[in-house]
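First the structure, which I've put down as structure tokens, then a few questions once you've had a look.
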Amino acid sequence: MDAILLQILNGLDKGSAYALIALGLTLIFGTLGVVNFAHGALFMIGAFCAVTVQRILNLSYEVVDETQKDFLGNPLKVKATYVESWFGPEMGGAIIDWAVPIAIIFAIPIMILIGFVMERGLIKHFYKREHADQILVTFGLAIVLQEVIKYFYGANPIQTASPEALSGVANVGALFGTEIFYPVWRIVYFFFSVVIIGGIFSFLQFTTFGMVVRAGMADRETVGLLGINIDRRFTIMFGIAAAVAGLAGVMYTPINSPNYHMGMDFLVLSFVVVVVGGMGSLPGAVLAGFMLGILEAFASMNEIKSFLPGIDQIIIYVVAIIILLTRPRGLMGRKGVMEE
Amino acid sequence: MFGLDKKDTRMLLVVAILTLCAPFILNPFPTDSAMAQFNAGYPDLMQRFVIFGIFAIGFNILFGLTGYLSFGHAAFLGVGSYSAVWMFKLLSMNVVPAILLAVVISGLFALLIGFVSLRRSGIYFSILTLAFAQMSFNLAYSVLTPITNGETGLQLTLDDPRVLGVSATADGSIPVTSLFGLEMRSTFEMVVGPWAFQFNAGYYLCALVLLAAFYLSIRIFRSPFGMMLRAVKSNQQRMNYTGLNTKPYTLAAFVISGMYAGLAGGLMASMDPLAGAERMQWTASGEVVLMTILGGAGTLIGPVLGAGFIKYFENIFSKINDTVLHNWFNFMPDGLEDFVVFIVHPFIGKGWHLTLGILFMLVVVFLPGGLVEGGQRIAKWVKGRKDKDDSSSATKTPAE
Amino acid sequence: MGILEVKNVGKRFGGLQALGDVNLSVKENTVHAIIGPNGAGKSTLLNCLVGKLIPDTGSVMFDGQSVLGRKPYEINQMGISRVFQTPEIFGDLTVLENMLIPCFAKRDGAFSLNAITSVPSETDVLEKAEAMLVEMNMADKRHMHSASLSRGDKRRLEIGMCLSQEPRLLLLDEPTAGMARADTNNTIDLLKEIKEQRDITIAIIEHDMHVVFSLADRITVLAQGTPLVEDDPQNIRGNPKVREAYLGESA
Amino acid sequence: FTNDPTGSSVTLGFNVPQTGPYADEGADELRAYQLAVEHLNGGGDGGMMNTFSSNELQGNGILGKEVKFVTGDTQTKSDAARASAKSMIEKDGAVMITGGSSSGVAIAVQGLCQEAGVIFMAGLTHSNDTTGKDKKANGFRHFFNGYMSGAALAPVLKNLYGTDRNAYHLTADYTWGWTQEESIAAATEALGWNTVEKVRTPLAATDFSSYIAPVLNSGADVLVLNHYGGNMVNSLTNAVQFGLREKVVNGKNFEIVVPLYSRLMAKGAGANVKGIHGSTNWHWSLQDEGSQAFVRSFGTKYGFPPSQAAHTVYCQTLLYADAVQRAGSFNPCAVVEALEDYEFDGLGNGKTLYRGEDHQCFKDVLVVRGKENPTSEFDLLEVVEVTPAAQVTYPADHPMFAGGALGSCNSGA
Amino acid sequence: MNVKPDFSKNANAATTAPAFLSVWDMHAYYGESYIVQGINFNVHEGEILALLGRNGAGKTSTLRSIARTGSPMVTQGEIWLDHQPLHLMESHEAAAAGLGLVPEDRRIIAGLTVEENLQLAQIAPPIGWSIERLYDLFPRLGERRKQEGVTLSGGEQQMLAIARALARDIKVLLLDEPYEGLAPVIVDEIEKTLIHVKEQGMTTILVEQNAVRALELADRAVILDTGGIVFDGTAAEVLENAELRAEYLAI
């Protein structure tokens, strides 16, 4: 029983990660109709925002410690961070400890800016081009972004820990009168996702912004003839999508140490989630994200793996195939979006 | 000639000459010069050029004509490779049965996947094919290891049965692939002054197959069937109300292109009898998509160009390292040399991906029709300089 | 018995009864016009005939066979061709290729894997397509991309494509809308001629009364999903109910 | 024979992952190769050439020929690795190929070198199969393997955690993972441990939470992570997140074991590795003369200590050169003969033997632990035990290595 | 020789007529095909101008050039609306400046309901008729406000396209074949509406195949042929000039 509850929690948690990544993608891909292979790269850049903030906070000067030796036998240079020397070890230590949450504050403007630049500089010319061309250009961009990050940060994962106060486990089972321990940061991630998803939903639902962008997608020219500057709205949409991707990345770093190709790892999966959810549907993408997350969590249970070996490796694809064959436009897709 | 019109015949001849003379064309630099690094005329890479050319030509029959973007074509290539290697393990080292089986099995596999996937169109179709291919890849990598030998890839061993051949040669090694006794790896080297040119049996087999595949694809493009496929891409609704059943058309295109992929996979295994699961991964499927678009989707020659372009980078650029750079630039003063090497360094060797990414972007931005358009622009420019008053360019002919 | 027998056909869209209870009989080798106010259900009715929509109730018989439950391409192969209200052509193909496709469909059936011969060697089909282009007065545009035709031309092309299939029943949904007067007259003449020569039955939807009255042998007036009257053109013109509901003063 | 160097120089092929998840390891290997070439050609301080028990190498190249090298990118894919190796052989005339950072790739390239008639010095490859069922006459491995990890770890684990333990295995679902799982399970079961469950995880997995969670309720008190690279970094991080290390099961502290460790991985997993045990081929903190010499020349040139991958490939380059020198010929068959059953010392792991029957090398294996208080970013592991070679040696016909045949050496002639 | 007037200042009635909308020497291309070949004309405030010509004459292209849609591409020329230089604007700026186009293929936006299609027109100022008032004008639209716009019948879509233009406060209304597909009674209705808005000072350019009908409504007429102007004068002149009518309008 506990095992099942735990897997449901895992599923929700995985699902919230998938949903958040897919949400950003569906804004660009499902709504603006751009097959954005660089979305994974945006996610990755978000994660590296956290790495960078951590590095900046850890910027340090060297003090030679004669009592210790380094690997070549020379006196050891001990590093002392500026932050700690400015704010004192107590306060400074706390600031460094909270690097990931602090990174969120920096990541939002940075990601929005990256989104704007990407859209204005490149993607803008590709709305009317074929999907094939969009794939080529965004894939090229993804490679470039990835290689740039690799050039500066290397290929190995870089550990980025959550704040001390938010690591460790909490007893979620207390709610049900049992004991189920679950990592605190994952719970934080889940609620963070829910807040972001809710925020984006209400923005697109309670304002006309979403409708206008959808209309612009269907027929840019006519929307322009109605006096609407659709270009600007597309840019904003792109900025939002980039920010969502980036935030997903920042928050993900304590769960898994980021590396330069983490975006590519998630890319295919996020396309699958978006399409299974149905093109052009935000709720669809979120629903599909949670659904696939939960199914994946269950498929990796020993009880299931023992009579369906390897099912956890293909469960997502199997489910995707079944859904797409039974529901022509995924879970909640809109008619006519990218069907030709 | 060959039932083709003049333009197509000319193109076929050009391709024939290029592939048959590739050992010369691809080795323009003397072996000992600093530029020898850029020579691509060695058997393995030449084989890769044509094999991936075949793969891309086949992909283009589906994508270029019908607009259905399959993201799982590598699965057929993988299936072809596995079938061929199994043939080498069980039957004999002759490449003919291996290639035939590769084509047949991948055709059947394509029939199955196509039949299901083609129930949807657009992005939904793409994701279905992707899902099937990723499933195949994941299973091949793990659960199906008895058939695929997992991560290592299916290899020949000394104790394979090979009922029509020998398990091991007299001196205790694994026999090599051959065409009725002509070993695929046999290479004749011709040394002309400082140049060395390699003529490899396997390459010429691949080249001939490429020419046949290319010829067939021209016929398909110019046939009523090809026209129907373009019509499907243009307006399915009209097709249906014109009394045509689009499903068999797209399915036939899917199967044909799957068989091309299987052919490529079979050839690949014939040149180098190993079949790795990564051949089926989505990145491999993505690669053929990129090749086709980069070269020019829907054109005849484009996919071959795209395939060559990407493979060249993968194999040549990735092998340039700092030492090589220092060799090239050592005519410069030391400081400048270091500086130049420092600037170029991120783009070569392990940075070859970066260069490739930048080139992808440059090509799509500046040559919307892919490399073929680049060629056309050059041709037009040359022609335009020859006769300035040729104004017939206004009508847009379907590119080749 | 007409060649086309529509019996008790009804179709709902959600809360809207688009077709109530339609009975219609079209006699062989006549031109039968269907007119009526906007949103009366004319196009919906046509959609039910070609398999684009499946009616909720009723039956549709063509030449003694039911068309219901058949795929659009099967219905077309039975001999029913349709021209759409907004032109449906192969925009990426040239005008000539557009014309070739129905000719191939006529000759080879619903599917043929004819991947080896080249299009230019199919002389019989080519000739037929060329002849049709000449007939439609579009021969000089044969190598244009059909997407870049003006709209009147697109419509003429579509009519030509349907005619080249030599259908037994031709369904036209506002074929002359947006066509210049001269071409409208040409089209009227062409349709008349074809009807005479080819033993063809035509069902036409039109708002242009000039076209309706010059062509139709019989007219059905549809209003709110049900036939109001069916009669000869003269009687329709005089019918006060029709004048009020549909024609207005301008008739 | 294939690519007989006729000129004044000889070309070696360094085939390492330059892109993909193991690119950093590949980069470190390349650095070591360059260093080795420099030393062979008489540059630098000579590194381990000075401590090597064989004194054949003179610093004038190999057999008097200047050593040149070409590099290639394996992308950690069998196909790409073979393509790259082929181009080195066909285009650049390499007489020896070395490198790699994964067993699948190593085995694939080893097969190719066998067919082409060149020597293959496997780089970082830990699967039993490389010198087990996929062994090849033209290939040699300097790295240790899954069996040896198990054999080295078992006594240490026994001392630390006792003989009454329930182990839960999480294993990357591909050949390397399976052989390691088999080896470790066998070694620990021999101690009296009980294996509760062996669970395969997809190679592509990034979040292991749904595999970690069942561990909590399984009654296991030890978790063995048969993962490498990014997989290991993530699974270990996840295991720590789920509080496994604070748990007490069956009255004992819950423990995690990572049988194959590397410093680069330890860096990725950060603080999570503290106190976790595993085995490694070599570590820069070893105090023997050879290791010290190597660390000194590598550290001086690049500013940080070498990884075990770097050490392995450096040794292999020297060993190959030495074998050619001793054989007096580049002929692969002569080199094979010179390397088979060759015993030497001074390359870091004490006395080392290249066994003729399967071309596996036998030397001391290190058991290491994540350091509690690292003094620098390189000082992440500490050596707890140097397991003597004798203890990890197994008979060539051991069932875990059965199947396949070495065949005979191929010179390509 | 034409002399280019100065549009930017309050134009002097003595030199040029006080044109409200002026098109000066406009050239436009679709890719490489030269479509609008240097045309000049003026429209005065509050007048209805009929723009006539055969299929493919370039009427639609002219309207689209004025509305700054970007296709065809205007390579040369100036367009002034009430002293504002339209030729320097993008389509949304031109729309904000007071231009409204009812496009020939209606361009109802897929995925939006009837009401959303109308709301969309009122997002950017200036706002014209209220949505309720538009429903009064076209009751059929009011009944179908929640229906997806593209599933409307042809005529209903045309109503929606016109309503959408009126939903904005525009100075110049460009109508591309607004009567197409509409029942005769509705055409009468729309004609009345056009007269009504004209009385309120709206300027209109009307492209219509039914030339007689258009000319009866219009004050002035411009006739296009192969991208150039062949006639510019009062509507009455065209109606009287049989030669002109026969040659360019086939009536």
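Labels A, B, C, D and E are assigned to the chains in the order they are written; within every chain, residues are numbered from 1.
FYI, a contact is a pair of C-beta atoms (placed from the backbone, for glycine too) under 8 Å apart; a residue touches a chain by one contact, two chains touch by 3 or more.
This structure is a prediction, so every number in the text was calculated from the model and none was measured.
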item: Required minimum of steps from chain C to chain E, each step between chains that touch; value: 1
item: Per Cα centroids, the chain farthest from chain C; value: D
item: Length of the line joining the C-alpha centres of chain A and chain D, rounded to whole Å; value: 34
item: Distance from chain E to chain A - Cα centre to Cα centre, in angstrom; value: 48
item: Averaged-CA centre spacing for the pair chain C and chain A, given as whole angstrom; value: 53
item: Residues of chain B touching at least two other chains; value: 138, 141-142, 353, 396
item: In chain E, residues with contacts to at least two other chains; value: 33
item: Of chain A, residues touching chain E in the complex; value: 208, 211-212, 214-215, 218-219, 221-230, 280, 334-337
item: Complex contacts: residues of chain E adjacent to chain A; value: 67, 69-71, 90-92, 95-96, 100-101, 103, 107, 109-112, 116, 119-121, 123-125, 164, 168
item: Parts of chain B lying in touch with chain D, wherever the complex brings them together; value: 39, 42-45, 48, 138, 141-142, 145, 149-153, 155-159, 168, 171-174, 176, 187, 198, 272, 274, 276, 278-279, 314-315, 318-319, 321, 323, 349-350, 352-353
item: Chain B-touching residues of chain A, taken from the complex the two chains share; value: 35, 122, 125-126, 129-133, 135-137, 139-144, 146-148, 151, 268, 271-272, 275-276, 279, 309-310, 313-314, 316-318, 320-321, 324-325, 328-330, 338-340
item: Touching residues on chain B, where the partner in the complex is chain A; value: 63, 67, 69, 116, 119-124, 127-128, 130-132, 134-135, 138-139, 141-143, 236, 282, 286, 289-290, 292-294, 297, 346, 351, 353-354, 356-361, 363-365, 368
